[in-house]
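The next block holds one structure in the form of structure tokens; read it before the comments.
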Amino acid sequence: MSATFTDHQAALRDEVKKLLTDGSIKGFIGYARGRDSYHPVPAIVTRPDQVDGLILDQFSIFGLTKYLLDYIFEDGKMGIVVKGCDALGLGRLINDHRVDRNKVHVVGLPCAGVLNGEKVAKLGLGKVQRVTDKGSAFLVEGDKGSKELPKTEYLWDKCLWCENHNPAGADTLLGSEVENVAMKPRDFSDITALEKMPSAERAAFWTRQFSRCIRCYACRNVCPACNCRECVFDIADPRWVGNTVKLSEQQMFHFTRAFHVAGRCVDCGECERVCPMEIPLMKLQRKLQKDVIELFGNPKPFVPSEVEVLGQFRVTEDPEEFM
Amino acid sequence: MLLTITADNLKSLLDKLARDSLLVAPVLEDGVTRLKPVKAASEIALDYSNTATSIKDFLFPQSEDLLRFVTDGTLSIEEIKPERAQVAFGIRPCDLASVALMDKVLTTGEYADTHYQARRKNTVLIGLACESPADTCFCTSYGYNPGHSAGADVMLYKDGDQYLAEALSDKGREVVGGPGEGLFKPADEAAGQAVKKAYAEKEVPFGKEVDVEGIDQLLDNFFDDQYWDDVSKKCLGCGTCTYVCPTCHCFLLTDEARGGEGLRFRCWDSCMFANYTKMAGGHNPRPSKKERVRQRFMHKLNYYPHRYHSYLCTGCGRCVAMCPVGLHIAGVIKDVKGVKAHA
Amino acid sequence: MRRVGVFVCWCGSNIAGTVDIEQVKAAAAKMPNVAYVEDNKYTCSEPGQAAIQKAIKEQKLDRVVVAACSPRMHENTFRRTVGGAGLNPYLLEIANIREHCSWVHPDKVAGTRKAVDLVRRAVYKVAKNVPLQRASIDVTKRALIIGGGIAGIQAALDIADAGQPVVVVEKTPSIGGHMAQLDKTFPTLDCSACILTPKMVDAAQNQNITLMTWSEVEKVDGYIGNFTVTIRKKARHVDTTKCTGCGICWSKCPAKVSSEFDLGIGKRKAIYVPFPQAIPNKPVIDEKNCIFFKTGKCKACQMFCPTGSISFDQKDELVEEKFGAIIVATGYEQWDPSPYGEYGYGRYKDVITGLEFERLVNASGPTEGKIKRPSDGKLPKDVVIIQCVGSRDEAKGIPYCSKTCCMYSAKHAILLEEKIHAHSYVFYMDVRTPGKGYEEFYKRATEEHHATYIRGRVSRVYQKGDKLVCLGEDTLLGKKVEVEADLVILASAMVHQNGASKLAQTLGISYDQNEFYTEAHAKLRPVETNTAGIFLAGACQGPKDIPETVAQAGAAASKVISLLSKPKLETEPLVAQVNEAICSGCLWCKPICPYKAIDGKVVKERIAGGKTIERPVAAVNASLCQGCGACTVACRTGAMNVLGFTNEHILAEVDALCL
Amino acid sequence: MSVNEKAAPAAGPATNPTTATPAPEGWEPKIIGFACNWCTYAGADLAGTSRIQYPPNIRVIRVPCSGRINPQFVVRAFQRGADGVLVAGCHPGDCHYSTGNYFARRRYLLAKRFIEYLGVEPERLQVRWISGSEGQKFADTVRELTEKLRALGPQRRLRETL
Amino acid sequence: MPENPLVPSVATIDRITPETAASDVKTFQVTFDDPAVMERFNYMSGQCAMLSMFGVGESMISITSSPTRRGFLEFSVKRTGRVTDVLHEAVEGQKIGVRGPYGNHFPLEMLKGKNLVFIGGGIGLAPLRSLINNVLDNRKEYGRIDVVYGARSPGDLCFKYEVLENWTKYENAQVHVTVDRGDETWTGPVGFVPAFLEQVNPSPRDAVAVTCGPPIMIKLVLQSLAKLGFTDDQIVTTLEMKMQCGVGKCGRCNVGDKYVCIDGPVFTLSQLKQLPPEF
């Protein structure tokens, strides 16, 4: 049974303290306790005295890499803790020439899956005392009760088909690498189901979703692929998407955002997770992923590569539908 | 006068209201309960602590038309007046309280926001006291409570399988006496008062954790504190807190033209957005997250109280629940008190 | 507010016939920024252009919209007009209300409505136009000619005469092309070799001309004035600097193969010159048929070569050359008429093509000019000539007229009668003789040389003894005809050169459905392609006879000469441009660019707080960029734009059309 | 403004725009065409010079290359009220800029599916390779698209009027 | 007059005067189409109005004409963004939208009887021009007047006729003009405004200094004024902030609990010192 994140907490604090003290980093991006045991939040510490506020627990889902953009013009290195999925996000930022790898100290966190805090919070286990990895389940012991939670039910969806359990290229690795196998194959059945709907029904589905959008841009702001210096939605001239929240603008917004990320999405799912209106944004991204896989024979479009799918073509192999 | 109404009669009333005017009520959709126009009472969700977004959506909509203009050679401007009357059902005490805070900004002073005023005038607010405050709720910190009814035209309190009701304004009395005629029964005054008291005294656990007392003064000399630097680092710069907040009211004006015709809209804006204060020449007086985060909390807890003598927050807890990075007002209040305590 | 002038053209009745000009004018007058509206009978005419210039000055116009024909037709004309009036030439937009409207929509109401929309599009777009300046680039003073037939030779001579260096790349061992295979040329019947070979010699001797035979163009990079071309010099296995062309090698070569030049009627050796007058008159070794290459033994040629010129180790060589301009003169192929099973080509030896007949009748050909029929060497008495074999037959995929067959068939009839008193029966669909002296030539064939012209098609050819019976119908008489012939000549179509489309893709030029290269404008730019700096000469653009080919070659040459004689070239300013303020420097635009015009650079900038930072941005090399705009779509933030077709433009156009 | 129904009120509920309402009397589909300068625009010109008639429902925007046609333009056209969009360029291999249409092909393979996925009827976005010599194909494509759109009725899924 | 304060009234641009050599500053003379609106548009020097370019947006611009000269409004506008871009492309006779007047104004009561030092930089002279003309139109009510004005180059000087000729004609009024960089035509002083101000050396006695210009200039001018002995109560300046509504609702232009649009833009230095140092 592999170690849990909490097992690495002390090591992480020691490492960050050391790095901050010896001046190799000027700040560290990690996690801190949120409003309860189930919602750890990002924390950025710059002084050794803040380090004890850093935590690591099995609910540490937040992809922190986007914060690196706040420091690209500052001198010195930032430290950051990344899981396998986050490492892809970091790869995205590096491949997009937005983050200089040399200015980041990467602390890698091997990951056997992250518990879905939203789901676990509803179980009423109270304040979490301990989480133990039982192989196919996590035993969560809280002050109001304990429960063994099967991974297939209580991990985030993306963890189930994750094939990047170990962050590649970390400067420091917490513990040792974990077995890197997907718990189940990547599943596009929900996408297929949507595709099969009649146009009008599908339209109604998306209308309902998009009409909830409040245009808070949390999805954009958390997305490692949405890393433009100046986002197209913030540019007034030309204004591609209007400020109003009319349905057509919401749709233009979501179409544009999704398409800008097409072939560049690292499948971290953070957009959907942070959406306060619970819009199933990954159903947009995963549709594009599915099509990219099917059309362009790229089995892993979510792994950042030298040239992304829309930056290349194949003369004869690409499907020809437009004759 | 206290009244009672059965659950069935309440449904009938809501059906009537939905038929006769625009009825806005909580609806559960894809796991999110929010206020939406409904056509029938059956669409309404009653099992919710609070709606994801607030009554603000309907009094101060996220975008609304202000005027229509025609510019083909000459210029004509046609002012657009807000639409028809609406009834909002299921408004929680914190949101009722927020309306009073919005009123201060938008209807007082030299200029009144006529759109907001008109919507306020044409909206009947039917409040619904909180049975089970969420663990993010802290209305009591500001002196509100789960039974707080100020701002409601009609206030409802669930009492077993019926509702205790109180019409608190002429608009409210018109509902009770008009479409509600025959549906309400007089309540036993003492029992009714007991119900109200029980709601007013209902425990709000998180409220006990958040002590707002004196925070406005504490912040008077806090503008330059290192704290803003530290806390703002984790801000994602999204607008979630401001858009779900029932009291945030920042907006921008924007034009959209097609050919020689167009509309000017008023749309919500967020002080968390970098462009919010970016000037035409490119200069931004609030260039980083630090200034923007500081502005938001100083505004709610210091500037607004200076101007209007109350906090611009009702403890609805939406930002507590929804901020993706846990940077919310309750935390800031606690932090500032902590910093000040240590200082 | 802009002051846009809208000029609506009648184009005589071409537009005014189906578009209500008054209504278009009235609608235009109400469009935003429009300050002035005028109509003209012919806007492109001198008075029309003068009217625009006058209005620009008098009405203080700062933008111009011309609603007329396609911008592909007159955009440049009107840019000059506008420029002549002191406005920047790029403050112009064209509304195409002719090709896209009046000519295709006979319904005047709908057509007028569409014309108004198209004008509105242009008005909205032009409001976003900004003055653009042309940049200048250097020109490599050297031309490349692909193809060493008469077109290539003529163009090379003309360019060389003007003092510009020129390289001719020819894929066969000799220049000369198809013209070298011909016997006599119509309508004058002078011998093809007599007029061609002097030109070949001139080309070989001209200091300014470099001939690269047995070579092919492999890759073309760059742009007008600055092409970089990779040429494959195929291994010749003969050192041309040493070889004297004495001919011992091919006389000693034991491998006999059929001669491509003689279309299989004659033989050649594995080491060979294709024909006696070949230039260069130096052999190549045909690796496929050379015994040494097949078996590793022989080397007879090497043994006997008095100059030691032969080397079996030679490899293909890739050379990279720079050119300022390119002429494509790759010519044509004769269509293989086998698909017409009924004519028995390939089945009956005495059914031959026109080009094969040329070799048969040619004094330097395999029969030394004796018209011996292939089967038994007898001289034919009755010859059937079938015209339009392939040509004008959509079923065979050749919808067009090959243009030369009527004339060469008449020539064949004349030659047959003149040389061996054979009688020709010419089956034809139409006889087309537009050309100087052509009709007279055809008349001579019928009147002086007694050729029998039968209007109709041959339906079947079959062998009967040593005769070929041609069954057909005389459609004029409405009678079945049956001719017993000794020889049947098929006037087979001229089709595109093998690999024409591949070369087009290498060059980045376009071709039509028949794989002939497309000229920039059918009438007004017949020798240019749409790719600046690349020109066309000869039959690669479509069937042509010799005079036409020579004329076009001269025309292409003159275009090249004028291009190369410019000290600098002015480039179109409609190229990509980076808004550095919002560019993230992600450089996803870079892999998209076909011209490698995008690269990264670092800009310095002061940020809030007064700190100066460095950050990467994309940079466009404006002289490499051709303005395709593919990069713009890769740019999420919209920092990459194409001048003249900016995001702002296109969004405005969409808005205008959707009103 | 063009033939259109009033948009949903800005506040509150987004009414379902796909609810079928019959096409207004005299409605004709509006098609925005994006055509590359070198092939399709030339093809459309050829249709003109050859006097090949086709329905007057299309309005063409000339762009340098199909690689220039941002899918966002297409969505914008739908937003502004286009009933159909034609995206057209040179045949693969024939691009004046060598490779623009290959990128376009990839983009539109994805974009077309994605726009459909959002609930726009697949017929409304047509992507076609039409060469400079294919005046007839241009005319046929427009006719075919127009007929399909006539059958489908007005596009309301993405449309928004002021 | 529209009921909603956010709805502008239609006005016509009667005259456009380029101010600078590069034409990046132009003065627009505007009148409301409805005379009743014109009549009711009572403003004071220092106030602003929101100009609407429909289809693009609005921009808050200070009124540069003096309320003592009625019947029209003048706005001097530097081309800096989308709205001002299209405004600069406007032609005479074109219609625009105007709403206002907004904000507070220069404290005339406080200035009365005092010696006045006006210190302006570049387009910052625009609001001061309203005040200076106002004061000059009531010349007797004020003491000595010094106008210290600077611009980057001679071509960047605005209101040249008034600055260089008209104002100097008034009694006991002096105009001191400097440029950061001279050119072949310039024979006057060269140097930055703060240093130049110290050379001009106005006396703080019975004086009030009013300054307006780019933030960096104001910052240095305040230092120079302090050096010259002006107290915080003797110094009046203006703040600049992004605005949308102009009526204290939209939330963005506050500094501390003051909204620049309704509580400003004019503040005395002592008032400013009560406020947070940043926005």
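For reference, chains read A, B, C, D and E in written order, and residue numbers begin at 1 within each chain.
Basically, contacts are C-beta pairs under 8 Å (C-beta built on N, C-alpha and C of every residue); 3 or more make two chains touch, one makes a residue touch a chain.
Bear in mind that the values here come from a model prediction, so they are computed numbers and not experimental data.
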In how few steps can one go from subunit C to subunit D if every step must land on a touching chain?
-> 1
Name the chain whose C-alpha centroid is most distant from the C-alpha centroid of subunit E.
-> C
Count the C-beta pairs in contact for A-C and for C-E, then report the pair with the higher count.
-> A-C
Could you say which chain's mean Cα position falls nearest to the mean Cα position of the entire protein shown?
-> D
Once you find the CA centre of subunit A and the CA centre of subunit D, what distance in Å lies between them?
-> 36
In angstrom, rounded to a whole number, how far apart do the mean CA points of subunit B and subunit D lie?
-> 43
Separation of subunit A from subunit B, taking each centre as the mean of its C-alpha atoms, in whole Å = 31
Whole-angstrom distance, CA centroid of subunit B to CA centroid of subunit C, is 72
Residues of subunit D whose C-beta touches two or more other chains | 1, 10, 13, 71, 76, 80, 93, 99, 103, 107
Flagged in subunit E as touching 2+ other chains are 82
Send over the residues of subunit C in touch with two or more other chains.
-> 592, 634, 647, 651, 655, 658-659
What residues on subunit E touch subunit C, complex-wise?
-> 89-91, 94
Which of the residues in subunit A end up touching subunit C in this complex?
-> 72-73, 96-98, 227-232, 235, 237-238, 240, 260, 307-308, 310-312
For the complex, which residues does subunit D have touching subunit A?
-> 7-8, 10, 13-14, 16-18, 20, 71-72, 75-76, 79, 91-93, 99, 102-103, 105-111, 113-122, 127-129, 157-160
Flag every residue of subunit C that touches subunit B in the complex, lowest number first.
-> 30, 32, 120, 608-609, 655-656, 658-659
Interfacial residue positions of subunit D with respect to subunit B in the complex | 1, 9-13, 80, 161-162
